[in-house]
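Following are the structures in question.
Okay, so subunit A shows up in both of these, paired with subunit B first and subunit C after.
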Partner chain A sequence: MDTQSLTLALGDATHAGRTFDVLPVAGDEPVLQVTVSGAEETPVYVTVTDTQILCLAYLFDKQELNPEQLNDLHENMLRISVPMPLSALGKTGDHYVVYGALAPTSGTAEIMQELVTLAENAIDLLQTFEDYLA
Partner chain B sequence: MSGKRDWSKEERAVQAVQMAFDLSNEIQRAFRVSAALQDVSTANMVRKVLQLPYRKNRVRPRLTVTLHDDDFEILARKYGLAADDRVAIRQKVAEELQTFARSYLPDSEK
Partner chain C sequence: MRTVLKKILTAMRGGVNELGEAVVDGQGNRILEQELRDAEQELKQAKQELASLMAEAASLARQIRTEQDSASKRESDARKALAAGQEELAREVAERIVGHERRTAELTQTRELLQQRIAGLKERVQRAEKQLADYRRELQVVKTNERVLRTTAQIDTNINSNQSSLSTAKDTLERIRERQAREEDRQTASATLEKELTGADLDEKLKAAGIDGDEDSVNDVLARLKGNPAQ
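Take a look at the complex of A and B:
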């Protein structure tokens, strides 16, 4: 699966009643911005490498957080990351993200399942961690 | 971390996603700002740039704020007024918004 075929596949697809808006983002490496219907506030960014299909949604920046509660937040993030279906929490730069990775051989159905779950998890996480925002 | 395995490609992929996110945010901001300046909705601004048809008659823009009981209490403390003196509080709110608008757009009609 590459980003081009994924763009075509998602454009016409429906999964669990959800549709997908795909916007390729210009850059050195192809990245797709996928908006899942019903979860428009948390777009998912998708990139494909030789080893994985990486799907990632942005939650908040370090600057947005109350510094005194950082340790507590990290502890909670590590704990929630394990039971959370198909997703894990992490950081890129100063951004806190929720992400899921699939094998490059995954089919469209698995990718759509990941995208829907990830976008929904991102919304839930934003509500869960609301109190940590400064 | 003892990184004997080469994850540099994955690192680059993560950076590419980061750049895509930053770029998307900048693009969104540009559309919100240009839409506001041209008195159209952001969705219509996108259609305008793409030279697609859009409804030009925008809904009359309104400036409203819904004040709840808690808000009146906060504002009363700020203005040194009684929380139940809502007329005076609303007057102060109007003045404060006007002051903001004048400093924000100093060259516009006052």
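Take a look at the complex of A and C:
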């Protein structure tokens, strides 16, 4: 699965009542911005490497957080990461992200499942951790 | 692996890679790739050597069997010669038997040495395979890390700079709340419509006014039973 065939596959697919809006992100790396219907506020970014299909959604930046509560937030993020379906929490640069990695052999159904779950998880997480925002 | 992970963490925490530059420098990456190729080469050689040694061991086993077969065949020949009183001939055959047995012993010794070498080589192959898996895992971590950094840098430049898709978490939460409220309104509206269509809204109003069809029927039946207790 590469980003091009993924763009084509997602273009007119529906999964669990959702549709997908796919936009390639300009640049050297093949990156897609996928907007899942019903969870438009948290687009999912998809990139395909030799070893995995990486999907990630942004939650918040370090600068947006209340610095005194950082430790508490980190603790809670680590704890919530384990039971959350198909996603894990992480940090890249100053961005806190929720992400999921799939095997490159995954089919469209698995990828769509991941995208829907990730977008919904991102919304749930934002609302859960809202109190930590400065 | 530990070294690679530590390098990545140090670099990340130091903010070295905010622009998505390679964490483990290009040199380090090349060294890792070279190590990977060396390990692959070593594994290939060890496997080739192993294959030829195993073939040699199999051929030795075959030769040993042939010698043993010949020896036992000659033994029965010797017995026959002895039975026929041909002592001289039997002695000649016995000399052959000694030859076969000596070669069997020599071949067996060679084969044992060979098997020791095979065992050692198998261990080397296993070690090389493990090492190779380790290098591949390390390289995968380094490459994935670089890819994630480049990808997020690309998203930030492209999307953050020309639209508000990467807006602040507070904005996003506001938009989520607005959509959720809209969805709730839609659900309420369609539930109301549903009630109107099925007449459920009228039933509710009647119930609220103390007029309940089901309850009334039960009361009617009870009144009838009480009125005619004999029946």
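One rule holds for everything that comes next: the second predicted complex is superposed on the first by the 134 of 134 C-alpha atoms of A that agree within 3 Å, B and C clash if a C-alpha of one lies under 4 Å from a C-alpha of the other, contacts with A are read in each partner's own complex, and residues count from 1 in each chain.
Everything below uses one rule, namely that contacts are C-beta pairs under 8 Å (C-beta built on N, C-alpha and C of every residue); 3 or more make two chains touch, one makes a residue touch a chain.
Keep in mind it's a predicted model, so treat the numbers as computed, not measured.
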Exercise. On subunit A, do subunit B and subunit C fit together or clash when superposed?
Worked result: clash
For this session: Have a look at where A:E40 lands relative to subunit B and subunit C in the superposition and call it first, second, both or neither.
Result: second
Exercise. A:E75 contacts which: subunit B (first), subunit C (second), both, neither?
Worked result: neither
For this session: For A:D2, decide between first (touching subunit B), second (touching subunit C), both and neither.
Result: neither
Problem set entry | If touched residues of subunit A are counted for subunit B and for subunit C, the larger one | C
Exercise. Where does A:Q52 make contact in the superposed view: on subunit B (first), on subunit C (second), on both, or on neither?
Worked result: both
For this session: Once the structures are superposed on A, label A:I123 by its partner contacts, choosing first (subunit B), second (subunit C), both or neither.
Result: second
For this session: Could you look at A:D21 and tell me whether it touches subunit B, subunit C, both or neither (first, second, both, neither)?
Result: neither
Problem set entry | Superposition clash, subunit C versus subunit B, among 110-118, 146-154, 200-208 or 218-226 | 146-154
Exercise. Where on subunit A do the contacts from subunit B and from subunit C line up?
Worked result: 25-29, 31, 33, 43, 45, 47, 49-52, 54, 56, 58, 92-93, 95
For this session: Within their complex, state which residues of subunit C touch subunit A.
Result: 17-18, 140, 143-144, 147-159, 165-166, 168-170, 172-173, 175-176, 179
Exercise. Can you list the residues on subunit B that touch subunit A in the complex?
Worked result: 9-10, 12-21, 23-24
Problem set entry | Residue ranges of subunit A in contact with subunit C within the complex | 25-29, 31, 33, 40-43, 45, 47, 49-52, 54, 56, 58-61, 64, 92-95, 123, 126-127, 130, 133
Exercise. Okay, in this complex, where on subunit A does subunit B touch?
Worked result: 23, 25-31, 33, 43, 45, 47, 49-52, 54, 56, 58, 92-93, 95
